[in-house]
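Submitted below is the structure of interest, expressed as structure tokens.
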């Protein structure tokens, strides 16, 4: 039983890593209608920026803050000068463009900082607390809470604010939104900027755990995508819930179904996706896209 | 593709061109250095994989992030068959058929889903495929991989190995390309296109979106299997690395760069897949990631419809609408007003009616 | 063979929204049948039920006696049903000809393997189908547009292309959803002429949803008026237009002014 | 079909017998090729590999070159190629090297990537030497006449630790976590072979992970539940090792640890992982760890770090041992060059296979290069080391 | 006073030029119709004004040259466009669509009152207030598009076949509402309408387009008197 709880808690903490990235993906999708494969790469860049500011002598919290702001700018510029070209074209091309962006960003990080591992300090101590007989580090606890907070903010942003409505309108149909006077270009930049800033927070949160390398989020990307699709593309709550579900289930299945084991546990989220999406195409928490004939 | 054929209106010229191309393709390896042949061999391998991907994605619009899995599967089947000493034609057929059957089974499930959900199910193939390949080490040689050599030139041919490999790949790839071209031109090409565009319309034309997706996906898998066979002819070794997820993404990029929904584009995509790493290696092996990113983005930026659209973009036709008879009952024209030349650079973004 | 269509107590709900309620009527083979009613009355939804795009919550729909509720749209197409969409659903990047050719899909023989191998019977059929589609377009005065991408044509012409696409399948039952929307008066006259001709030349049953009462009067043998998902009345177009309930719910008080 | 003949021979890639110079060697230069991952997930060790080799030969070239056995002094040129850990690309790179007239290929990292062109190297008689893989195939002279491995085969490392545990005499419960590939399997195999028949040592839990995983928390929780007092952790991913060290102590599991040679850096791994919490952290090594304070002033290490910065374009202290290994490979090659009498690949291979007792720079006391043992790579002796809170000290007893 | 003036406007989609010299003026508070066959360029003319197509020539609005401005900039000047076809934001609810329509407005307090006004005008929409636009029937979507334009409180309203797909009674009441709006708040409008009988209830003058050129302009009465016009657009 103790092991079971510990495995569950471990799963939640791994799931939080996926969730951080998943939230940024949801944000970009809500704001621009794209799936951004480069989201993880951009978060890595942000983490390295924070690292650079730290090296330059800023205190950790300030370094993170500056990195978040800088990332907002980078995200906005990337949208304006790169992604804009692909926004109205074939969606496959846009996806490949984000793949190109991922490659480019990873490459830039590698050129500037190299492939050597770098330690990134955490805001939160590694000391652990006991919850229901399971041991949790304050760090994972804080990560999890931060993610919950971000999720709440996003949900409010999209559902309750004028900016959120405008972002969704533009993602839905930019040409039509412009006819109501929505500054489409600027809103798209804001959307990417916000997602990049969120990515920076994610990078700062998971950086200490994963140690900085140019490819540190490559593995998490697939999980984050899975979480986004499973939870519902338009739902921050869904993304987080799905990321946790994946983290926990993976652990439990690997341990309690030895036939699957740790090598094939990665199949679990995908089987889950398949089963759930057949029943609920819009994902666990997503709203169904209405298409009428 | 369209650009090529439209500039070759006359039938005679087209036949002559085809003949010339065929002769060049047949004779070239005899005169080229080994490295050139070997490079073309690899282009052929990936062109076939990209072609399959293009059918399911470029034509039928189903995002498939798992194509590399079928390449790997084909390669493993080939390696196994060769080790068992099967006739090489049987090996080729087995590689295609087994990949096709697995693809069919996956498609029967995946085609129930739409859009991105299919993408997730297909992403799972290479991701689960790698540990699976390690587990099934009696067949696959585990993580150390498996070598199988069948593409050594036989003595009677008097050819070098690279030339012999070239001809193997030329024959298989040419057959694959010709079949695909015929398929996407008529009835099924239209069916793929409408399923991509609007499933409701497809259905009302008697085209089952589900079965069309299954068909496209299965064809793609067969091409993946064939590509795996060719992979083994070219590399003579395969391991779980062959089907790693990253390569699937690269295949996707190659398809879009070459030209989604274009047969010739698939060939260009295969060339892109092979040449770009080679090229970036030549620039500076330490910066391959950056330079690959730059190249990919630069090409997309200039040619969002892929390299295959280059001639079209270069020609950039300006034309007026063809004349049409004025409908009966319209009033007589009064004097026309002067018309200044259009010069506004604002982007032409028209309101698209999204299909119902 | 013109088809007989009958609906029996067809109801449709979306969540709590009642879209159709116990709709029944019968369309005689070879007739032209009108379906009218206010916006949101459920006309298009009814078409969607017939064509298999929606599944009625209850009730039965038969085509020539075959129960079709629960069948996929592609299967219904095989039974000879063809339709147009209220909002033109064309492949905008494909040429007009390719769009129309899509209608001929079921008439082309052979499976994927024969087409990949370009077996002679497939190439022959393809050539014949192209010729037929081109001729249709020529007759419609759209020959000039055959090789243009569909998105280069104006909205009004898209409706026409949909009609020709539907006709190329040689349907026995044709559903037209607001074919006259966006057409000027002269163009509506042409459309009426076309539909008459189609009926004269082919053995076909046609159901039309339309707000253009002139067209309904000119073409239909019978009409059903829907309101809020229920059948308000059934009769001839003239009866409908003079029915006070219909005037109240649909046409408006000063109908006579511009019903033409 | 004699048409084929109108092109220079492709399959006979040169080499062969005779004493005509092989491709890639002139009176003043010799060209070596390295294909290794310089991008992607394994780029960390990959770039380190290249940096170490460049550091070694860069320094030698700056001194004027290397004296060869034929009396000539040559500079060593290194051509690098990125394969991104893709076998197909490493084969392409090899073909490119042949056309770029490379004398020998070597030092590159990766089992599948090296396997992918092994047959081609054999058939074209191009040396593929000092490869960085613990795959024994490359050191089997019969099967791999043109190959030679550099680093101890994985089994050797596992075995060394197994012997240590077995020799302790006490009863131990061992938990094993290994990478799910030949790397992990090799380690585990060696370890198990060494403890075979020793009834006081039991393996109580055995788990694997994938190199692409972001977390191994579940495995650790599972293994902790076994109550093992020895943890054999055959893990090659630096961040995961750090995370494991942290995780295990959090959940209150404090066994003695074993870590492989490539993931046991004192500063990059043990310190952030908080390794002092464990009764003992052991590793095996043959090279000095530059991060270790013990070697901070060591002559070899100082020169190595400065060469690495100056010629290898690598200014950090590397987190991977591969830089050191390829530096050692450089010294091994120098030795071989010094005794090859003809400028041919044949002669080179003969010379390379004839090195014994070479104590290359950076090698720990008690280890040496020995290329004469069939079935073993150039370096096959390893020393078990124990973490002492700052660096490592050679340890011959367990507990 | 002229509010909007088009002088020899040309327009093209990519390489294809489709307007070939369109000139017309809309006076302040005026209402002008555009007539023409399918493909004559009516829609394109409206698009030229709102900046969604590449244009040449001169387009002035309230004394300012607006040719070449982005659509949102044009909208910000007080021009609302009810586009042809589905003019809604498909995955947003009816209420959200109306709110987006009011995006530019500063008088936030009045917005809910105006939403009520729209819902009174289109009672069907009130029943579906929470549904997404994509689920609406064709006519309901058209109502929503018109409502969304109303919400912007524009100076100039561009209507592209606003009656498309509306039931006859509904179409008349919509036009009646538009006419009232014009009288009450002095909105000027440019109206493309195939149902010329309806159009003439609203417009003072009209311009006839033929293959991308304006060929004829006249008052409603003048035009109604012309045989060709009657035959092509009015019937009888």
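A few points about this structure:
In order of appearance the chains are A, B, C, D and E, and numbering begins at 1 in each one.
In the analysis below, contacts are C-beta pairs under 8 Å (C-beta built on N, C-alpha and C of every residue); 3 or more make two chains touch, one makes a residue touch a chain.
Source: prediction; values computed, not measured.
By the document's definition of touch, common neighbours of chain A and chain C comprise B, E. On a Cα centroid basis, the chain most remote from chain B in this structure is E. For this pair, chain A with chain B, the centres built from the Cα atoms lie 31 Å apart.
For this pair, chain C with chain D, the centres built from the Cα atoms lie 72 Å apart. Chain B and chain D have Cα centroids separated by 39 Å. If you average the CA atoms of chain B and of chain E, the two centres end up 46 Å from each other. Counting partner chains per residue, chain A has residues 107, 110, 173, 175-176, 214, 263, 266, 291-293 touching two or more of them.
For chain B, residues touching at least two other chains, in rising order: 131, 134, 200, 286, 288-289, 292, 321, 324, 327-329, 349-354, 356.
In chain E, 13, 16, 37-39, 52, 70-71, 83-86, 90, 135, 231-232 are the positions where the chain touches two or more neighbouring chains simultaneously.
For chain D in complex with chain B, the residues that touch the partner chain are 1-11, 38-40, 43, 47, 50, 80-82, 84-89, 91-93, 95-96, 98-99, 111-113, 115-116, 118-120, 135, 137, 180-183, 185, 210.
Within the complex formed with chain D, the residues of chain B that make contact are 30-35, 38-39, 42, 130-131, 134, 142-145, 147, 149, 157-163, 231, 234-242, 244, 246-247, 274, 277-278, 280-281, 285-286, 288-289, 292. Partner chain C is touched in their complex by these residues of chain E: 13, 16, 35, 37-40, 43, 84-86, 124, 128, 131, 135-140, 142-143, 161, 164-173, 194-198, 231-236. Residues of chain B touching chain A in their complex: 57-58, 63, 109-110, 112-114, 116-117, 119-121, 123-124, 127-128, 131-132, 134-135, 200, 245, 249, 252-253, 256-257, 260, 286-294, 296-297, 300-301, 304-305, 349-352, 354, 356. For chain C in complex with chain B, the residues that touch the partner chain are 51-53, 72-75, 77-78, 82-83, 85-92, 94, 98, 101-103, 105-106, 108, 110, 112, 115-118, 122-123, 126, 141, 144-145, 148, 151-152, 155, 165, 169, 186-187.
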